[in-house]
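Attaching a single structure in structure tokens format; questions to follow.
As written, the chains take the letters A, B, C, D and E, and residue 1 is the first residue of each chain.
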Amino acid sequence: AQGGIATQEGIPKEIRLLGVRDHTGPVAYAGIGGARGGELAISEINRSGYLGKGVKLTIEEVDTAGSIETASAEMAQATADRTVHAIMGPTQGQQAATVAPMVERAQVPTIFTQAGSDGVVINDYTYRATAPMESYYHLATDYLAEKRLRDVSVLYNATFPTFAEIGDGPLPKQAAARGLNIVSSTPVQMTTQDFTTPVRSIAGKDPDAVVMLLTEPQSVTALTQLRQAGYDGQVIATSVQGGGNLKEAGRHGKGVIYPTDFSPALTSRKARDFVAAFEKRFGQLPDVYAAEGYDGMWWLARAIKASGSASRDGIKRGLQEVAKDGFEGAMGELTFAGGDMRVPGVLVRWNGTREELVSGGAS
Amino acid sequence: MTDWYFSHIVLVQSTLTTLLLALSVQVPLRAGVFSFAGVGCYGIGGYLAAIGMVHYGLSTASAILLAAAAGGIAAYALGLLIQRLTGLYLAMATVAFTLIIAVVVVNGGDLTGSAAGLFGALGTLDTGHLLAVVAVVVVALTFTEIGPLGRRVEAVREDPELASAMGIDVARYRRATFAVSGVLGGLSGSMTVLLRSTVTPDDINFHLVVLALTIIIVGGSRSWIGAFVGTVIFVWMPEVLAFVGEWEDVVYGVLVAAAAVYLPGGVTGAAMDGYRRYRRKRREAQSSPDAPPPQPAAAAAGGDR
Amino acid sequence: MAQHILNAVALGSVYLVFALGMALAWSTIGILNFAHGATFMFSAFTAHVVTQQVALPMPAVVLVAVAAGALIATLTQVLAFGPIMRRVADHRAAELRILIGGIGVAAIPLAIAERETASAPFGFRGSTYQAQVFEVFGLRMTTTVLVIVLAGIGIGVGVWRWLARSRQGLALRAIGVDAETASLMGVDRSTLALGTMATSGALAGLAGALLTFQLGAIAPESGDQLLIKAFAIVVLGGLGSMGGVIVGAFVLAGAETLVLAMNQGTWVDAVSFGLIFLVLLLRPQGLFGRQEVRRT
Amino acid sequence: MAASTAATTGDERRAEPEATVLRADDVAVHFGGVKAVDGVSITLTAGRIFGVLGPNGSGKSTLLAALTRLVPLTRGRLEFQGKPYDTVRPHTIAARGVARTFQTVRILPGRTVFDNVALGAESAGRPGSIGRAGKAERGRVRQRVRTAIERTGLSGKERHRPDELSYGYQRRVEIARAIASEPTLLLLDEPTAGMNRQERDDITGLLDDLRGEGLTQLLIEHDVQMMVEACDHLFAMNFGELIADGEPESVVRHPAVQEAYLGTQGRAHA
Amino acid sequence: MLEVADLHVSYGPVHAVRGVSLAAEPERITLVLGANGAGKSTSLRAICGLQPASGGSVRLDGAELLGKRPHRIVRDGVSLVPEGRRIFAPLTVAENLRIGGYTADRSRVGALVDGVYDRFPILAQRRDMPAGLLSGGEQQMLAFGRALMAQPHVMLLDEPSMGLAPGMVDTVLAGVRAIADSGIGVLMVEQNVDAGLAVADTVSIVARGEVVRSGQAAELRQDASVVHALLGEAALAEEGAP
């Protein structure tokens, strides 16, 4: 590769990006979703001549295959490649936290999606296009308070960083602030497969609602077994259950409500356009990962435009500048806390076949 | 070259740290001790180094020393505790030890960063330091593979009772392998963490056990060279297989299974067999061509008295 | 309390069916099959794919999974373990290679399933079966649990007795000790080994179907978690003892249920592995394992 | 066999003639209900060959295992060169100079004959030394290995792996390994099983030479003629107990031995 | 009847058996003698299919056995007592015997086991003990008894008297004689020359992988010195020791 390209100021004809994320392995869906959202955004950006006539964004994807090792190895290669202007970073929190110091050393601006743990957005080169779940999870407690569902049981995966963070901290606090009464809090671990026992004791308490912070297969099982244990109250879940992950729970999944940063049920024009374009291109509804990838890519494009330079430094400056004012994306009015995105969030209900809007989502 | 080096620096470094991890399982295995305590000590070392650096501001060198020492002590103590166990029972007990460590760090509160782990433990290691450590380890291990000590270690593995009838203190050898594997695990864990700056409970899992074992069996379980060859193969495989894209894991599986079937002594074993056959061929070619079929002693045995 | 015991029995039965298949091949012909978890998962996945096409009743779904499991295990034996066993004279040399061969084989179905599902959970939503909930003596359970408990205990005891009593069972154990000499007794070791592996795979398939019915859905990675548990169960019970597997499965399930019932969910693994550790300290050959036979 | 090379070895360890080398007092080894050895007392004096005779299952090998501490004693006391050793671990007594062979061949399958014998040579009285041996010491070890290999008729097979050898030769590796350690006391459990008369005589010739060098030996064999010729003193066992003890000829003629050992026909076999 | 003709076996470059011809006829015991490493065990292993032969033929009643797998050969009626006993150590004595009767008629197994116990009472005492704990000689009895369980047409014995006390040697060899007399062909390797000659009908002497002499046992009994000479025992013979 010819050296120095990505450090030249100004906007060249080709702006080369690299997507470094999981395309295989247990959380491949997040990487694949993000890549597809980004791909859609790039095609829109290029087609519309948003960055100037004939200016093309191109992206190449490499697979981190679910491993921190591979992620940092790929990232080392990506950052050493002087033709790369920016990187769309890993989706797994730990991969992201590991590569964060690397991108600073190499001074390559990197936008993560997902990557919901601490230690990711830690310097001038790390940005994240996913709002932390706890920043909009109050939608759930608001809803419970509004519906007077006072007594709440919490069932959460306490060894999964994102859920551990919510389950141990914000959730009890938000609940207390809204006069909710947490009657039981049941931590389980990543390897828990069968929920008969915890679900049994929850059903025994018969709370008004159950807040369930679990991974996809866990949530299907827990829901099924919760219903079989005779519990028929409201279940509140998370965006992890979005994107049709509750389908396998069949009738037991019906009526589950969860806050999410994006839903195809959103009604803003931006959201509807995104959903339509995505469906046309990929033949299916976009999930949260796709929306984040899409908005993240637009953040980048706006950044280049704002600073008038696609150099690594220019992009970095642009990202900060765009973050100051925020912009409207598929996920709604986007604001930023430093390099970290914030969304209005939306509360949806799974009706057995798709998501329905419950509240929020106004833009 | 330097370009290549900088873009592959992570792979180069993780080859060295992974080699230490593989050795931490290979060393006991060579003495017939089927122990994965080294992987547990990888976790202990990694966490101690990160805790030392993040919470107590230790220097890189002292964090690594602390980790190695703690790994050695922990494994030695474990070895004392379970010295009556053998074979797969011992393997199970050490796997249990390793997985319990993972649970303990998940429940470790702020000290261990709980489920999310610790980040920001960036040490000042470079490839030169790693090379130095690995070189010292490899030289030391070489002495346990050759000559009298090598034979004794082999006797302890193949037939402990015979070994003790030959005056070898089998229990002492076993305890020693525990300590060594703990030190190696601690070194590997701490250096890995200080290079990458993060450590999570996820890092200590059964897959790491499987990886270490796969490396030494595919590479060759009898000497550090086998561990090295295996490490190179498995660290670099994702890079090399990148072109098959999403079928990488399938190809990986096929290659591993094929190695198990076709390479009895691992890659190094196959290479040595090949070399031996080549030498024999040459020897035969050199000995007079018109002599009756080679009489490699055995056939002549019946009457050589 | 009684409810907790029932839950533990149900969980133990799932572990049992899964672990039995693994123990069968392991403690007879000496094959510690690390692809057992992948076989389990992929049979359930196959049944999932089939139910998406045709709405099958529960027995048919189970049958599909059992057949898939048997097929996968047979292939594994023919392509990997058989060739390894043919190439070595003594069993100890083969042990580690079989382990690694299994690890390699396991990667293949896992990769395929992860790709096809994008790692989303899958189940038998297409099946006509709906679990019925009923109560006896105030204990709540589902028809699925009933089936699992009956299958687990029935098959467990059956396999145990068969191995101890039958001629083939004896021949299998002989192969595990010394395959060459076993063949001198007229034992057709490759055919018996193939049959054993097929049976073991069928049990993995059965466990796959039953567990998926029980949990509603599993993920491609679910097999790995069970694998390590089954390994622990067999060792806990004592290698070579089918009775030990039965006890081991319920002991482990009991311990896990207890920890969960005490609402210490994040300590489950520590407690169950700690228990195994303790048992091994007190009984180095597992609960029912035999002391190694070695003479001077 | 190359008896001529023998004279140079073993002299450092030669014990005082007639000094007591090993004393076992009321030794018993029970396995559950099986009383494999039940109250055996023997004394081995320096520089002589002692033999143990007895029907199959009479406890000979178990006695050997007890003397080398490989099985726990149910009761009894053991003394080697005046020092009690019934509680030490097996490697200690081996390191003090007690070498043995096993009834079932036990050799390292992955190592050459040379290496297997070297294992014995290196064990000689240097407990736990971690192979820091100097050049001179290494040379001496190699010499010991060569001598042992020559004396057991294994010359030419140094580079073979044990599993490439016929059974009779595997037995020789066992013997070579034991004598390479230049022990003070050598215990042999059916060293000539699987050999024909000529081959046996070669081995007994070797044992005789070793006796000449002052080595005390305890030999288990079933070949009565060979035992009478080779041994200075015989012990006869049955059901774990000593039934006779003394001059070989008289022991063999002892009625209890005739009865127990030589079968119902009572006809001597040789 | 078993006919071995011009058998060749190699271990890699080692040509261990070079054209051995032997026969085992019903009611007759063929004794195979030879020094250590002469190729006796290798020949027996090749006949049973445990070691691939590189040439020659092994016919049982005219049908070729070479190339068949061991368990097939056993089912055809050839059974081997292997060198070094090879009992199944963790299995009990009774189980070892039952597995020996794997190919036998199911209903007869019980009676056959009892027959072995009658011959070797110590095995009956030890029936529920893991066979690996038996003494060396007891294991040898078990290996012999186990082979009897298969009710073979032809029996191959690799040093059946090894490790046996003299009285037991007589018992076993008398047993071999009785087996032969019941119509079974026996091919027996023995190091105990005198005891072997006492029961054998025919003798073949193997050296360096070849048969160097064969003849009737009766003749060779008269002329033991020839045998000893061929086994490399010339020195002994001259001294007239036996």
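Criterion: a contact is a pair of C-beta atoms (placed from the backbone, for glycine too) under 8 Å apart; a residue touches a chain by one contact, two chains touch by 3 or more.
Because the structure is predicted, anything quoted here is derived from the model rather than measured.
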item: Centroid-based (C-alpha) most distant chain relative to subunit E; value: A
item: Which of D-E and C-E has more C-beta contact pairs; value: D-E
item: Chain whose mean Cα position lies farthest from subunit C; value: D
item: CA centroid of subunit A to CA centroid of subunit D, Å; value: 75
item: Whole-Å gap between the CA centroids of subunit B and subunit C; value: 29
item: Chain centre separation (subunit C, subunit D; CA means) in Å; value: 49
item: Overlap residues in subunit A, where contacts from two or more other chains coincide; value: 24, 158-159, 189
item: Residues of subunit C whose C-beta touches two or more other chains; value: 111, 114-115, 266, 269, 292, 294-296
item: Contacts with 2+ other chains: residues of subunit B; value: 103, 106, 161, 246, 248-249, 298, 300-301, 305
item: Of subunit C, residues touching subunit B in the complex; value: 32, 34, 79-80, 83-84, 87-88, 93, 96-101, 103-108, 110-112, 114-115, 224, 228, 231-232, 235-236, 239, 266-267, 269-270, 273-274, 276-277, 280-281, 284-286, 289, 292, 294, 296
item: Residue ranges of subunit D in contact with subunit E within the complex; value: 31, 54-58, 60-62, 103-105, 164-169, 190, 193-199, 201, 222, 224, 261-265, 268-270
item: Subunit A partner contacts - residues on subunit B that touch it in the complex; value: 3, 6-11, 14, 103, 106, 114-117, 119-120, 122, 196-198, 200-203, 235, 238-239, 242, 245-246, 248-249
item: Contact footprint of subunit B on subunit A as seen in their complex; value: 23-24, 62-63, 65, 67-70, 72-73, 75-77, 80-81, 93-94, 97-98, 100-101, 117-119, 122, 158-161, 164-165, 189
item: Contact footprint of subunit E on subunit C as seen in their complex; value: 167, 170-171, 173-174, 177-178, 180-189, 240, 290, 292-295
